[in-house]
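Each remark here refers to the structure printed beneath this line.
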Amino acid sequence: MAITKNTNEMPFLQIKDLVVEYTSDGETIHAVNGVDLSLRRGETLGLVGETGAGKTTIAKSILRILPDRSAKICGGEIFVNGKDLLKLSEPEIQQIRGNEIAMIFQDPMTALNPVKRVGDQIAEVIRIHNSISPAEVEKRAKEMLELVGIPAQRFREYPHQFSGGMKQRVVIAIALACNPDLLLADEPTTALDVTIQAQVLDMIADLKKQKNSSMIMITHDLGVVAEVCDQVGIIYAGEIVEYGSKEQIFDHPTHPYTIGLFGAIPDMNEDEEWLHPIEGLPPDPTNLPQGCAFNPRCPYATEECRKGKIPFAETPDGHLSRCLHTAEVLKKEANA
Amino acid sequence: MFKYFLKRLLWMIPIVLGVAIITFTLLYFTPGDPAYIILGSNATEVELENLRETLGVNQPYLVRLVKYLGDVFLRFDLGTSYSTKTSVTGELIYRLPNTLLLTIASLAISVLIGLPLGVTAAVNQNRLGDRVSMLLALLGVSMPSFWLAMLLVILFAVKLHWLPAMGVGGLKYWILPALSGSTGGIASIARQTRSSMLEVIRSDYVTTARAKGVKERNVIYGHALPNALIPIITLVGTQFGMMLGGTLILENIFGIPGVGSYLTTAVSSRDYPVVQGGVVFLAICFSFCMLMVDMIYALVDPRIKAQYEGKKGK
Amino acid sequence: MANTKTSTAKKKSHFRMVLRQLKKNRAAMIGLAIFLVEVAIAVFAPALMPYGYTDADYTALHQPPTARHLLGTDDMGRDILSRLMYGARYSLVMGLTSTAGAMFLGICVGSIAGYFGGQVDNIIMRILDIIQSIPGMLLTIALAAVLGTGVDKTIMALSVAGISGYARLLRANMLNVRNLEYIEASQSINCSKLRIIVSHMIPNSISPLIVTATMSVASTIVLAASLSFIGLGVQPPSPEWGAMLAGGRAWIQQYPHIVIFPGLAIMITVLSLNMLGDGLRDALDPKLKN
Amino acid sequence: MTNLSRRDFLKVMGLGTVGLVGALALAGCGDGASKTGTNTGSDSANTGSSENTATGKTVENVVNEIPTTSQDSITFGASAAITTLQPYLGVGLVPTLITYGVYETLFAFGEDNTTLEPRLAKGVQTDDNLTYDVEIYDNIYDSNGNHITADDVVFSFHAYKESGVGLAKTESIEKTGDYSVRIVVVDNAIGTWDDTVRKTAIVSEKEYNASEDGFSTAPVGTGMYAVTEFKPGISLTVTKRDDYWQADESKRAFLASANMDELTQMVIAEASQLAVALQTGAIDLASIPQAVADPFMGNSDYAFFPLTAPLGLQVYFSGDAHSPVADNQKLRQAILYAIDVDAIITVAYDGYGERQYTFGPSAASDFQEKWRNEDYYNYDVDKAKALLEEAGYKPGELHLQILSIGAIDAWSKACQVMQQNLSAIGIDLEILNYEAALYGSYMNDGQYYDMLINNVTQNYLVTAWNAKLGAQNFGGKTCTSIDDPKLQELLKGCLFEENHTPENVDAFHSYLKEQAYAYGLCAPQNFTFAKKEVGMVEPYYDYIGGMYLPCCKYAGK
């Protein structure tokens, strides 16, 4: 079921009913179960959810860099600028990777090749996508380094000579080297300590503005979403359970899981005895519960929630939530 | 880097000295003496005793040790063989090319065939290609090289007369020896490459490379393999040692006048100068090659190079 | 992701877990089966053998495989099948005992170096460097020459030659284990040095040694065979497989079967041990599994 | 592709591979079973060696038409590795092409391998067979034109003595003139003077000192041949010199004859490869071990020259107190009767060999034909059992050890046959298979064994007996520590020029046989095959049984 927020101009990225499964040791893991997304040029979409909810799998399916042995895209389409990436041949998708769509990885310590010079790793993506002279390639690679705040003289050094934050800057340099139209940032700051996080986020934000590229920010940190994203999608067990603009989600969380997420953030100015985690455990991906995946942990769950696929419902303030009891939940939350 | 290389070279001197002393002591306590072998069964005890005196075989341990160490380390003279009276150094230098040629040929074949085999097995893991190559590798590792050598001789030399089974000469003399020498090597390198590639293929920087739009071939050979090389190089180092030993037997079978067969005959005929000289000679070549292996580490992995330059070695 | 499927969480000792993993590995089971069959043959050899291993039938020299002699006869008219069966004893005994010997001595040397570290470790390591710079085969030959020929002396030679490999491996593991907290803990409750080494450090650094040991039983069998192949090690008339191979060399042209069958026997034994070793390695270090 | 589960796949692949290797092996040996080998000639008429049990069988020469012409050069194969060509080394290390062809000695054996003939020496005088005055020719030049004088002779003798491998029984040598020397030897036993003057290679002192590796790769001798090419461990080529110093053919020694212009000796260690080389024509001639001789037996393309080797196998008893055989003549005789020499010939020499009838080679000049029909402990199990009982032992009581070399195939097999023979009469014989070096340091001391297997050969029986049983050679006893004054007395009674008569020789032979101290077993029949084109008519074997090609007779030469 295609969802488009406003239908006047063609969305830059459109994901329709994406289904991805992993197989390991004979068991199949349902990582992504029918995700629909769309993104306009220059916009940033935040994907929020616990680890293992399938956020990274979605990003990797866009670039088709899932480990081809154990992972399989079972269904759905991914349109970028009108082209369905899943139908492209390998050489064609290789043209797009790093050029039109780029990705920033989560753990900088392992994202860079330890035995290759930092400069060469940046130059490589430039050389692949631009037929220009090697001197020109090196010049542009050095520019990228300067852009992310690393002195060009360190061009010939190795990853082990860089700190965590510096390495993440190199990863960002690699991602932005060819001015990608779409940037996939997979929890770019999780592995960094707090002070460095802010610098990196600011850098990503203004580089994005300079190059007018759109971005998908994957994170489980609601603070990051607030600062960077325009649209927000809450993901649970491989499904988008709530989708809307940042203001709508932060001001009127409608889906019980989203409410639970916000509730779990400790409030600085209140002295709380206990934290408020969401009860129960995240579902086992090899044996997902029927109907709404959240029902075992949902205080409002009824029999209906356990039957069939739950459709999106429009919430009073106009964003979408995949819940049958939206009205009842809002009423109860309003007076809590 | 060069400082580390020099330090390791200097460090080889005490090691070679240690090897010389250990070999000398081992041989000193080996029962039996060369007299009978030199004079044959017609010799009487008087003649045998006369030869033992001339060769100085009956002198006490310390006298001979000091004389031997003096010769080797001060005058660089490995002495002359008891039986053939030829200078050991000359003989070893004449024979070394054959042994090194066989060892390096076997090693080269092992790496050139073993490596790609291992990589393809790792890349399409658990598919047909992987199963077949790993089963053949298992067979290759389990086959004793000297038995395989004899099987090849039976088939290609004795039955089909395609290849000469013996002696030294043009290229076709080296096919069978190199083949039997390298089968074990191909198998173990393929297995090691497969397991270290499997570890590396899942790491994040390989995904980063793919995300950069790098072609699959370059991802595997350009990004994954260099990182998988370290354990493979360690194995190639130990393989070199084993092959140097293995060629002792192959030289015996194929009649190649190499250092190996020279030493094995010398050990059983108690030709002390030859054994002592030969072992010291081989130990020097061997530790030099081990040093080369460590240097290759530094080339392949900058972190190890930094470690060498930074603190005092391993 | 806690796996809620399993019932009561049994107390799974590391060892039983490894065994369960090993059972699943088909190749390892085949290897174990072949190995056990060989041990059985070796043990019941006298009963199974169609002929005595020294009975020579001078009318049937170099017979290729016939009904009377399933694998033919050798250059002295002795039945090759019986000699292979009896020969299994030599190979298995030599392979197992010298590996056990080498491992035991290696563990002693390695643990001393591993635990005490500093000067002691340095000296031992330098001695090991010296020993290891003599190519393995040559060291074994020299030791075999010193100790003399015969099964018992060959076992001693192979054990001594194998020490440095195990010592170095154990020392490396011990070094990482040494600075783990539970060693400091045991030191703090003032356990004796020996107790710490034996009951804490060795069990935790032993698993790689087990894999190497299985593989090295196979390589020791080949080494023993090559020793008798060049005239050291086990001497005729005892039917050690390497000696049988050497004996048949002169008759490669007319009677290659004298050479082929002993080699096949060595290969199958080594194959089974390698399969078992692979299985063990995968079981002990699962991340290579899938 | 049907989904072949991982388990079944592995099983199928495993079985398939083992089957493949088995098939490869059987294919390899299947061909061997048909025994046609690869010779082109008609299927060899000889019956497989497995059927007949005839003892000591010999095969006649089948080449009927003798070719009229022969080649000018011969390439022959031999298993001994040639690593050096120096003049003063141990036995068997330097090929005869060098020791007879390139170097020359003062005297040399004639065609009968017994009588000494002058070679470099012109004449010799002696009155007590201890001090000899030798005169040499004055026109001797070596291949580099150096004139050989008495000084060179003295230098050569001293060089050989200092090498420690020879002249143990030479007292001294001094120059008595430009071309004459005086040599004094230790004793006048038969063979002492022969060994002194026929083994010492005479070289020019200047030339020898000039060579930096002591003639190891480029020897300069006065002989008929000069070395043209030498690849250590691979091949050696010698060619006839046209400037040989002795122009007068009648005065030349027999060993100085050179019936072939160029000779190349190839080193081929492996028996099967020697046969393949001869079949494929890589070599023209070779001494082929019995095991691989089938393709050539009765094959008319090859001329065949069998020879019973003088170097056979003997068994000795220890005289040391620890051994039960030391003072028990009946036990020694029981053991000798129990030994089946024909079985040893069948197994150790593949059936091609000959018994020995005394302690030493039958080809020796002082061998007496009548010994062949005496009862030389012919195989008789009942007599052996009876004698064992007389010796005071019941079956199963006695455990003996025999010392042998594991690496020498014939010795190891002979021991295994004796082991079987002795267990048949209730004696448990343990074989001590040692390395050659270890064997060498134990063999001359009876305490290490009860029995010893060894071999000795000289051109005279008495020299062989003296070499192994002469008390002065082994510190007052025989080589196996037997102390028997009567034996020594009888030995001295036939050892010297004046008492070397058949009666004395027979007296010692009978006493030794009676006491059963040492016993000659058997000697192998060596086969030399030569391609017809070589055109060899009559072979010449030296006193140790090695064929020396320059002295053989060729058609048209």
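Labels A, B, C and D are assigned to the chains in the order they are written; within every chain, residues are numbered from 1.
By definition in this document, a residue touches a chain if its C-beta (ideal position, glycine included) is under 8 Å from a C-beta of that chain, and two chains touch if they have at least 3 such contacts.
No experiment lies behind these values; they were computed from the predicted model shown.
Chains that touch both chain B and chain D: C.
Of all chains, the one whose Cα centroid sits at the greatest distance from that of chain B is A. Taking the mean of each chain's C-alpha atoms, the chain whose centre lies closest to the overall C-alpha mean is B. Averaging C-alpha coordinates per chain places the centre of chain B 21 Å away from that of chain C. Distance from the chain A centre to the chain D centre is 89 Å, each centre being the mean of its Cα atoms. Centroids of chain C and chain D (each the mean of its C-alpha atoms) stand 43 Å apart. In terms of their C-alpha centroids, the spacing between chain A and chain B amounts to 54 Å. For chain C, residues touching at least two other chains, in rising order: 145, 148, 231-232, 249, 252-253, 256, 260, 267-268.
Shared contact sites, meaning residues of chain D that touch two or more other chains, fall at 6, 10, 14, 21, 25, 28-29, 270, 272, 276, 407, 434-435, 438. In chain B, the residues that touch at least two other chains are 30-31, 139, 151, 154, 158, 253, 268. Residues 60, 63, 65, 67, 69, 90, 94-99, 102-103, 105, 107, 110-116, 124-125, 128-129, 158, 160-161, 171, 174 of chain A are the ones touching chain B in the complex. Residues 6-7, 10-11, 14, 18, 21-22, 25, 28-30, 32-33, 35, 37, 49-51, 53, 270-272, 275-276, 289, 291-292, 294, 343, 346-347, 350, 406-407, 409, 412-413, 416-417, 419-420, 431, 433-435, 438 of chain D touch chain C in their complex.
On chain B, the positions that touch chain C within their shared complex are 14-16, 18-19, 22-23, 26-27, 29-31, 138-139, 141-144, 146-148, 150-151, 153-154, 158, 195, 198-199, 241-242, 244-246, 248-249, 252-253, 263-264, 267-268, 275, 279, 282-283, 286-287, 290. Residues 126-127, 129-138, 141-143, 145-146, 148, 218, 222, 225-226, 229-232, 245, 249, 252-253, 256, 259-260, 262-263, 266-268, 270-271, 274-275, 278, 287-288 of chain C touch chain B in their complex. Remark: chain C residues 26-27, 30, 54, 56, 58-64, 75-77, 145, 148-149, 231-232, 235-237, 247, 249-257, 260-261, 264, 267-268 touch chain D in the complex.
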